[in-house]
Structures are given as C-alpha cells and as structure tokens.
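Pasting a structure here, questions to come.
Chain lettering (A, B, C and D) follows the sequence in which the chains are written, and residue indices restart at 1 in each chain.
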Amino acid sequence: MQELINRAKELLADGTVARVLGWKAGDLPFNPEPAYFEKEEDFADFVYDGFCGANLSKYMIEASKLEGKTLVCLKPCDTYSFRQLMKEHRVNREKAYIIGVGCRGKLDVNKIRDLGIKGIESVQGAEIEGSDTLTFQTLYGEKTCSYADAMLERCHVCKGKEHMIYDELIGESRETKDADRFAEVEKIEAMSPEERFAYFQKELSKCIRCNACRNVCPACSCRKCVFDSNKFDSAQKANVNSFEEKMFHIIRAFHVAGRCTDCGECSRVCPQGIPLHLFNRKFIKDIDELYGEYQAGADDEERGPLTSYTVDDAEPGIVAERG
Amino acid sequence: MYQIAKENLTALFQKIASLQELYLPVKNAGQVNFGVWSEDAEVDLDTLKSVKSPKDVFFPQSETLYTCIRNGKKLTIEPEALQEQHFVVFGMKACDIKGVEVLDRVFLSDPVDTFYAARRDHGTIVALACHEPEETCFCQVFGTDCADPAADVAAWMIEDTLYWKPMTKKGEELTASLADLLTEDDSAQEKVEAEQAAIRAIVEKLPYSNLSLEGWNGDVLMEKFNSPLWDELYKPCLACGTCTFVCPTCQCYDIKDYDTGHGVQRYRCWDSCMYSDFTMMAHGNNRTTQKERFRQRFMHKLVYFPANNGGMYSCVGCGRCVEKCPAALNIVKVIKAFQKQGGEQ
Amino acid sequence: MQRIGVFVCHCGTNIAATVDVKKVVEMALAEPGVVHAEDYQYMCSEVGQEKIQNAIREKNLGGVVVCSCSPRMHETTFRNAAQKAGLNPYMVEIANIREHCSWIHKDVKEATEKAVILMRAAVAKVNLNTPLKAGESRVTKRALVIGGGIAGIQTALDIAEAGYPVDIVEKTPSIGGRMSQLDKTFPTLDCSSCILTPKMVDASAHPNITLYTYSEVEKVSGFVGDFTVDIRKKARSVDMSKCTGCGVCQEKCPSKKIPSEFNRGLSNRTAIYTPFAQAIPNVPVIDRENCIKFKTGKCGVCSKVCQAGAIDYNQKDEIITEKYGAIVVATGFDMIKLDKYDEYAYSQSKDVITSLELERIMNAAGPTSGHLERLSDGKAPKEIVFIQCVGSRCADDRGKSYCSKICCMYTAKHAMLIRDKYPDVNVTVFYIDVRTPGKNFDEFYRRAVEEYGVNYIKGQVGKVIPQPNGKLLVQGADLIDNKQILKEADMVVLAAAIEPNPDVRKIATMLTASIDTNNFLTEAHAKLRPVESPTAGIFLSGVCQGPKDIPETVSQAGAAAVKAIGLLAKDKLLTNPCTAHSDELLSNGCSQCAHVCPYGAITYEERQVNDHGIREVRRIAVVNDALCQGCGACTVTCPSGAMDLQGFSNRQIQAEVDAICL
Amino acid sequence: MSIEAKEEFRPKIVAFCCNWCSYAGADLAGSSRLAYPADVKIIRVPCSCRVNPMFILRAFERGADGVILCGCHPGDCHYTSGNYYARRRMTLLFSMLDFIGVENGRTRVEWVSAAEGVKFSTTMREFVDKIRSLGKNVRLEDLRCRN
C-alpha cells in the first residue's frame, strides 16, 4: 500500500495527474469509501485493503469530464469494466492514469456477519498482503475466520489476475478462483420450472427497488435509465412483486447482456442479498454456449454478442428444445 | 411482568395470529425483514436489525390510494378502504419505535394522513430490547435506551425466556388476550434489570456512542447548508435509494398512477431524495446535482426536521445506512466530517 | 387526446358477413377520444373516402382509424384521402379486420369481438400518432447496370434511349454474357451471335452509355435517388485508347495453354486475350496470373509486337466513384458445378458434357469449329443421350429445388439441330417432364419428336458408366413402359441446372437488396412488383431474379428499364418519414445503435446540451433521415430508450399491446 | 367432479409480425381463408428487430398468455440483418424467462415469409393449442391489471 501511496503522491506532485481516485479509510474497520485525493496531506486516510471491493471504473465517467488526468486504482476485474466503458465512449482513456493494483480477493462484511462475527471493533489480516486468517476484536470477544471464507462471491470465480488495461502495475495479485463460475446457474437450470419460479419469486420479493444494483453497475451507465424515463411507460417505483421486480431485473440484465463484465458489484451492494449476478451470469453462459465465448471488456474492437450475429445462429426454439 | 418460555413462542404467535394479524421479523431467502406471521414463516428474533426498518407496517412501501375504473367513456372512482383490522407488531427495537415517533410527527400532524393514522390506531407494538447491540448502533446519541424500549408492550429475551411487560392500555389488552400463555413472574424485574445493565454496558463501549451532535440545529441552517464539505462528501454517492429505503424515519413518498388498462390505480410509494427525479417538476428539478440531493438528506435529518419539531432529530441511530450503503457513506461520517472541521477551525 | 373518427368498412360481405360492423361502430363510439364512428359498404370507394373526408372536416378529427382490409392494400389510399381533407396522412391507422379477422373466422360473435379489439388497438395507437412529414431527397439522373449480358445491355439501351446516362459494369473483359456463348436460339433457331452482336455494338456506340468492362462494383452507399458507387476498373494492362484491336499480341503470346473461359475450358487461349472474336470492347486484357512477364519478369513479347504501343504492364486498378439515382442488377447465371453428380461420370469422361459445352461444340467459332465430335477421340458420335434436370427440381440438398426453365427447350433445340445436321445420329432424351409453356414452344418440341425422330424417354438416368471401349453405358429407367434401360452412348449431354452468378450475394449485400436461399434476388412483390427489389431504387433484370429464357429476359430488362426511367424522371423523392430519432438528452453516445444499423444512418456528434440545467458537451447519436429506412434495430439496442421510431414508437406499440391484452 | 363443463379457456395471444414478410404471410393466410383461432391478435412492426423485450414483458404484465414473434426468414430480412439481431435477442430473452421459471412454451419465434400463408395459419393454430395446454399466465402477470 505504501508503494501505491508513494507513487500516487509522485504523479500528483509532478503534475501527471490532477487527482487520485482510491479509497479512504472508514470510521469502522470495514467500511472504506471511494474517494478523491488531491493534496499530499489527504493521503493520511488513503487505504487499500481487503475491504476495498468497490469497482472504481464507473466513477471515471464523471472523472473524465474533469480538468486533467485522474489516477485511478483498478483491480484486475475492475479493468474489464473500464475497458468496456472505453469501448462505449463513456470514459476517456486520455483522462485516466490507471494503476493496476494487486488483489488477493475482496471481503464481504455480510459473510463475516453470517459467520456470527458481530460488534467488530478491529480487524487484523485484511491488509493487502495480510495473512490467510482474519482476526476480529469484537464487543463479544475475539473471533477468527479464514480470509477465503469471508471473500465476496465474485472472488471465488475470479476472472484472473491479469489487468486488461493499465499504465502501471503495483502489487501482486493472486488468483482466488476456487469455484465454477456457472455452477450456481447450472444448479438453478437443473430445477423444475416450478422450483425455479419459486426460487426467483422468493429472492425478488425482497427487492426494495433501491436501484443500488443499477447505480453501482458500470454497464448501467445510461444517463437516464428507462426505468426513470417517461419515454416508455415503465417508469414505476412501486415494489410489486407480482411483476415489476421481474420486469426491472430481467430488462436490466438484458440491457447489460453482452456488456456485463461479471464484476459482481450488483450482488455486492444489494441490501437484501439478492444474488443478482445470477441474471447476468445466465446471459453470459447462454452467450458463451450459443455464440462462442465472449468476455466483455477483454478487448477494444470486437462487437458485443447482441450487436453482431452469424447467419447460422441458434433459433430461439433451442430454449424449449434443451428443456 | 409476565414471562413465557422461548419454546412456547410459537404458541404465542399462533394465539396472537388467531386474534389479529401479526407482523414480526421473518427470514426470507436469507434476509430478515418484518413480515406477516404464518405457520411456514421462519421467525428470526436473533438478528438484531431487520434489513428494512419495520416502518412499512404503518407506512407501506407502496399503497393504493384510490382506483379509477374506466368503462368506455365512463369513469368511476373507488376509494381505498382504511385499515380496519387490529394487528400486532412483535419485536420492534427501541430505535425503530423512535422512528415511528418521527413518522407520527409527520403523518399525524395536521393535515392528518388518514391511511397512516388508521394503521397506527389499529396497531399494537411489542418491543424487544436489544440483546447484543452492534458496532453500527448509535441510538444512545439520540437519547434512546435500547435496553428499555418504550412501546405498548416491552419485552426482553433473556436466555430461554421472554419477559413481557405491558406499558399501555393497548398493551394491557393484548396481554389479557394472551393470559393463558403468559405467566406472571415476580422475579422478572430483577432479571430484566440485570439484562438492561448488561446491554447498557455494551452500549457504552460502542464505537459511535460518543458521537456528538453539537452544532446540529436549526440555528446553523445556512452555515451548514453552504459548507464546502458537501462538495467532497457526496462524491462517492451512487444516488441509489438504499439509505432511504432501509431508514426508519425517511418518510418521503411519490404519488404515481399505474395504468391497469381498465383505469388507473393511484398509489403512493416511497421516494428517495437520492433519486434524480426526486421533486422533479414540470420546469425541471431544483436540485440539479447529486451534491444537492445528498445534502438534502442530511440537512433534513439533522437541521430542518429538528428546527420544525422542537429539536427532534429525524435520525434514530439504528445504523442501517452504516451497514447497507454500497459506497460506505452514512450519516455518522457526515456528522464526524463536520465535527472534524469544527475541531480544526 | 386526439379527436378520433372510426370508419368501419363492410367490404361488401367480405367483412360484414362475419363481423357485426354495427357493433364495432357502437363499441368505437364508447372509446375515449372517439367522436365519430360510422360504417359503409366500401370505404375505399370514392363515396367511402368522401365520408372520411367530410367527417375530418366537420368533426375536426385529429386521428382516423379505418377498420378494413390490410394496410398493405389500402393504407396509402386512406392516407391520401385524409391528406386531401387537410389531415396529416400519418394520423391514419388501419385496423385489419378482413385478412386478419373476417376471412379467417366463421363465428360472428368471435370475429366481432376480435374486430373490436383490433379497432381499440388502432385507436390506442392513433392517439399517440404525431403528424409526420416526408422529407425530400434529390435524384441523380444516372443509372448503373450491373452485368453486361443481354439483360444488362437491353436495360441500358432502353434507359439510354430515354435520354439518361447509364453505365454498365461488366466483370469480364467483354459484354455479351451467356448469350454470346450460345450457338442458336429456340424456338426460331436463329443464330445467337447474329442477333446479339448488333445490340452489343449499339450499347458501345450509344452516347448515353458508358461501358466499364473488366470492372466490378466495389462499394455502394447511399439510397434511392442518391447512390454512390465505387467501381473497380481492373488493370487491363492494355491502354484502351491506343489499342487498335489488331490481334497480333494474341498471336505472338507464348503463354498459350490457358483454358478458355468462353469455350468452357474446351479450348485454350493466350495470356493476353479477347474472350471471343466479336468482343466489345475489342481490346485484349492480360491475364496477369498466367502471363510470363508478370510471373517471371521476363518475356514482354506483346509489348514488342504492339505497334500501337498499347501494352502497359504498370497499369493499376482504378477506382471510379460515380453517383447514381437507380441501380439495375443484371448479374445473370452460371451452370451449377457437377461435383455432386458423380454418377453421371462428368469428371471421368470427356464425352460427358454439359449443354453449354455442347453449345460451344456446335458453334462454328467453337473448339471443334462446329463439328459434332467426341472430345476424347475426335470421332463422330452415333448415339447421343441427353439427361434432363441434372440438379434441377432436386429434392435433396445436392441440387436446386427449382426448375431451371430453359433446359427442356434448349435440349429440344440441340436434339433437333443434331438430327438435322447428322441424320445418322440417334438422339435419346431422358426427362422427368417436358415443360413447354411459351409461344411456339410446344410446337417446337413436337417437331423434335415427330419430324426429327428424337427419342424421348420419361425416366431418370441412374448412372453413366464409361466403358473400356470408350463408350458410355447409360443405365436408366423408362417409367412409361416401366422397364430398365441400358444404352450404350458415344456422348452424354447433361442439362445442368442454372444458378445465379455466385457473386450476386456480395452485390446484394452491398445494395442491401434481399436475396432468397437460392441466391435469386427477391422481388418487391412476386406478382405486382416483379422487377423491383424491396430496397428502393434497386431493379432486377434477367436471371438474377429467377430462371428465364432470352425473350423473357429481354422483356424483363425493358420493364426494369422503365422502372428506372420512372425514377430518374423525378426531380425529388419523398423519403419515408417513419425513421428513427435520437433524444439528445437520453443518448449515451455508446455506439451500439450504429453497430446494428444496416444503412450506416447513425453518426455521432459532440454537442452542447442543456439537460435540465446541466450544460455539458456530450457525444450524441444522430440519425440521417435520408439514410434511415426505419427498421428499428437501433431502438432495441439502445438501453436508455434514446432511439425511438416515428410511426412505430415505443409508446405506440405498447399502447397496442395494452389494448390487445386487456 | 363437477358435471358442469368448465368454460373454455380463451388465451390472449399477441403476435408481432414484421411488415414485409410475416404480416403479408398473415394477409395471405386471410385471403386464402386459412383459419386460425381468434385468440391471436397481430401487431404490425416494421421488422422483427423492432420488437423490444419490454413489449413482450409488457404483454405478459397485461395478462397475455403467449407472445409470438414472426419475421422474415433468416437471410431474407427486408433490412438485411434485422431478424438476425432479433433472433439473438429473443433467444436470450426466452432463455431468461425460462430460467426464472416462466413456461418456455409461452414464447415463440417463427419465420414466416409473405408466401407462407399456410405456415402462418398452422403456426398460429399450434401456438394457440400450446398456450391452451399451458393455461393462464400467472407467473408474469401484474395482478393490478386484473381488476
């Protein structure tokens, strides 16, 4: 982390960048927030640890409009989002100085709570090169858990430790993949339609239409979302689980299909713990199977699967045929 | 004071539900929220905070106000019936009850919101003391004692026993209806006091308990409003509505029409001041940037509301926003940022 | 809300017999916004149209719904009627209660209920219609004809005669096409060259016609009235302005072993060559792939012998960019490849030939100077078998499902010519059916059978087996006598199916003209618009549209010319106003819409916007109305809904959905 | 067991037809008097690629029991490529609907040319039969639209 801070200060001092976009330590051990650093003294609060899960690439849409370059700290998975946004002309590469930061998986405070660790006063082991065990001092005594058990779902299906785009790299990355990316989707596919319906009905009935999934999503970069716009008659805010939640989540997933990098932010931020990544991953799985493997944000040129076609694509009837 | 063994709680819930509707913390797909009790519902009294506050029992996230029905060129209007059934909310925490007090100020002041008033009139609240407060809690800052919740009935879960203390006439009536399940216990007071002491000891150790609200009142309105701190504080905000929707006191709503095809259902639903179309009017929006929207939320909770309500803050320190904000922003960080700036000056 | 009038047509009894039109009127009057409704026997009649016009004027209607036949039939009629009464034509919607209702349902109650719903959907849509105004675009008064065969030549001559400049692009070194390879033509047996050559000369000499031979269309952009086309004029290596056509270069060229395309590979040509003696232009080209000079850098004989100094080894391909108002496709056909029909031993024996090869053999200028002989040993054949429908009317995927149309007639022609010239030669024809619809066609076929004694056997040939003695054993079936036939032949002629020139797919893509699974270009309407492509400004001439013989080709070529002339005669065209539009406040500038636009109609500009007080420069999608054809692909690709389609807007379609579902 | 015959289920079916092929195919079905059930109501769109997944969900929201999209055969699109895009979009959308447990028979895409009146009619009859066997759409309906 110190190397990152030193380098950021250096680039700020020599005028290469006008500001640094990173994370500021929170007031609790696990809630650092995305923040801009413009002066040397700001860096007292700079932090980069296991709780810095936020994907900063979407902030670059606004940062691209500012004077001068913004140094942005991107983890390997975040760089896919940045590159996809570049492809869509939503961020300006010229306005970004990308430091690819190392990552060994990011932590999910909800998982820690689910492990029964409550009243956290301090944490050891969450540092960027910390141990494999997390030790918590809590109001109710010392607790421990393994780093891996506290990782975000997305880190268990990590896309790899390569950065897709960067100006320089600082820190080592570790591949944390220990699960099959599509296993959860396959599990649901194996259910009967009734079970699938019940599963999603139950999950989506929790949705409170807070739009956190949409607003955090780097692919949901519309200036105005159709669900906020009066152009379609779809601008509703009610939480009515007989239809609206399904409409919202299906259409949201559809709009990002072929553009979603599977960064997992939607599931990370959902206050109701809805596994929203399943929608996106289902589309990714279908796209991979039907149109060839495609990873959004892994290139600058290739057209997305929904803005291209081949003459012998599968017919929609395949959905019923494969059962 | 009464008591009932934890193992008999299901019987208690069955009994209440047989008399009136019962809302209580229910776990659904891994998350605890207040919901209607049923035989299959997975009741969860151990989780300290429900994801959403239970305010929606009185102020639902969406509710129909009236329905217009179109038949050819004819229109008829059907008003929505007010709440007529009695119901019980079991397991509300002290902070959430304080939240209801805030809502009362809004909805029961003239002009009274009849939908809300009907629900308040028909609801009986059974409060549950917080057995193990967490690091995100700061109700004490707002003068709430989570060890001694003020409601129609106050309850404490101590080991395997629930202690039950009616506090109001509604509480007495409910207690009377459950007489065959609740037993009087003379030693209860002592046990409850011990539990309260333990809770309060934890509260003293909570990281936010010593948060100072000094300088937050109506007198400093313009100073706070114009502070340059907002220029920085809002920046990570994603403009989602999480904080407002989990909040026990946020009371803003939007009124919209749902076109049913046979007419229009006019409904109201929670709105969020974080949304870009919040207070959108025909001419546009008077808060054009997220900074202004972000500022609005905290100014409202900490300045405008107390200024209009005899110093009552419209934050109750439940800590839900601390836990749920996707960008790790929250009211505590705002208060601390101003405190720090004050210290520097 | 619009003031809407609903007009319900009886269509005689076509609608009224199954749909209770009075009930539809009654239900229409109950709909919000509907201020007038009436029914009439024939709404499309003058009286019916007047009713609509009177109502528009008297009731001050803002929208009109006509419940009648398909909008494909009378939408334009009713729109024009409304326009005459002062209503914007795009404020008219049609509820199709005939084709989609009365004609397919029997039960009056059911059909009436459906008609009411269709009416409601149209009312719901028209409520959201906005007046649209067609734009104007200019017409470039020049036509392009792709292909220089008889179809292309005829089309070009007709257009040129009408006074418009026209360019012919021909891929090969000479115009003339397939017809120039034919010996005689049916059913008159006149000499193909004798009737074609004068037309070729006319085309080359016409002041309004420019020939681009040895050239190909490289790129097409634009739209009806205003196409821009890049033509690649391949390097001929011979300066056309200097060459006198003396032919010495061809005589002296040392590279003489190149199969002649014109003679279907039955004879050889030199590396510098004109495809045939009457070629136009009579200027040779150097086939660089086979030229020693180009392959090794040595030789240069042609350059040395050319007294005109016309040989130019350094000539480069030239791109000519020209604007056109109309484009006629006349790309013609070729024979199918016979590699999937190995049972006929085409690849095994030189004496199994295609009909087109026989044309060359029979032709005085052909490889055998017109003598009928076996290509294997030069002997005169005594027994010739013709096999029909090789690859035509084929049930499996080896060949074509369609009938090639010309084979029955040219085979009768071949049989007759052979019997006429060589009475001692036996001719047998195996056929599935003999199809002779055409003026004097059946008489022609009957003469072959009756006067010339050609032996027609109904049945198919299963196999042709080359024998050690050089003969060909033909195993066939006689379906009429129901017996197997074994026949020793000296020569077998295959009537191979014809297929569109394979290059046509590339051209169709450039033109955005639709093409069917057999690579024939699709006509805008099979019956009523047979020489137009659905893509405006593109016309079809000759076999590129479907198999046809010379007279049919020539008449279609003329028809295509007339359509093109009709277009060129206009100074301005009205453009389809149902185009996509981008909302500058919603556009993300993400480029996804441009990716799916088949017309390149979407571009991006950096534009200052005022978004409710936020002023900033944004990348905004912009639609070029003149290019947009209104498909709507962009509207669905656009996640923010910034792209919407006029006339078929999101809200209009949703209103229809709502009206139908409720 | 009830003796009274249950009222026959009449599904609501929305058919989006492209203007150039399938709408004309439906016209041909009409002019050839090739009957299919009146439950099918056609919406004319310029091209199958105009059909937004939101329209399809909207139809289900409003109580449609089945939605079918008809366009030109692949390769024959009037706009050259519209149906190819539609094909991918609909395949993914249908797969998602299937994934969340909506019966996959409720959605269908069929390519119908202007010459295929018979195919149009047969397809519609088949589709209506399928929807009748599936019964009312309850999984994607907005209950607010019922009253």
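What we mean here is this: contacts are C-beta pairs under 8 Å (C-beta built on N, C-alpha and C of every residue); 3 or more make two chains touch, one makes a residue touch a chain.
Computed from a predicted structure; not experimentally measured.
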Review point. With chain centres set to the mean of the C-alpha atoms, which chain is at the far end from subunit D?
Key: B
Practice item. Look at the interfaces A-D and B-D and say which one is made up of more C-beta pairs in contact. Key: A-D
Revision key, fill the gap. Cα centroid separation, subunit A vs subunit D, in Å, comes to 36
Exercise for review: State, to the nearest whole Å, the distance from the C-alpha centre of subunit B to the C-alpha centre of subunit D.
Suggested key: 46
Exercise for review: Please report how many Å separate the Cα centroid of subunit B from that of subunit C, as a whole number.
Suggested key: 71
Revision key, fill the gap. Between the Cα centroids of subunit A and subunit C the separation in whole angstrom comes to 51
Exercise for review: Find every residue in subunit C that makes contact with two or more other chains and list them.
Suggested key: 596, 637, 650, 654, 658, 661-662
Revision key, fill the gap. Residue numbers in subunit D touching two or more further chains are 53-54, 58, 62, 75, 81, 85, 89, 144-145
Check your understanding: Residues of subunit B that touch two or more other chains: which are they?
Key -> 258-259, 261-262
Exercise for review: Draw the chains as points, connect those that touch, then say whether the picture is a line, ring, star, complete or other.
Suggested key: complete
Check your understanding: In the complex of these two chains, what residues of subunit A are touching subunit D?
Key -> 185, 188-189, 193-201, 226, 232, 234, 240, 242-244, 246-247, 250-251, 253-254, 257, 279, 282-283, 286-287, 290-291, 305-307, 309-311, 313-320
Practice item. Enumerate the contact residues on subunit D facing subunit B in the complex. Key: 62, 144-145, 147
Study note, to complete from the structure: In their shared complex, subunit A is touched by residues of subunit D numbered 53-54, 57-58, 60-61, 74-75, 81, 84-85, 87-105, 107-109, 139-144
Revision key, fill the gap. Within the complex, subunit B is touched by subunit C residues 30-32, 612-614, 658, 661-662
Study note, to complete from the structure: Seen from subunit B, its contact residues with subunit D in the complex are 67, 69, 258, 260-262, 265
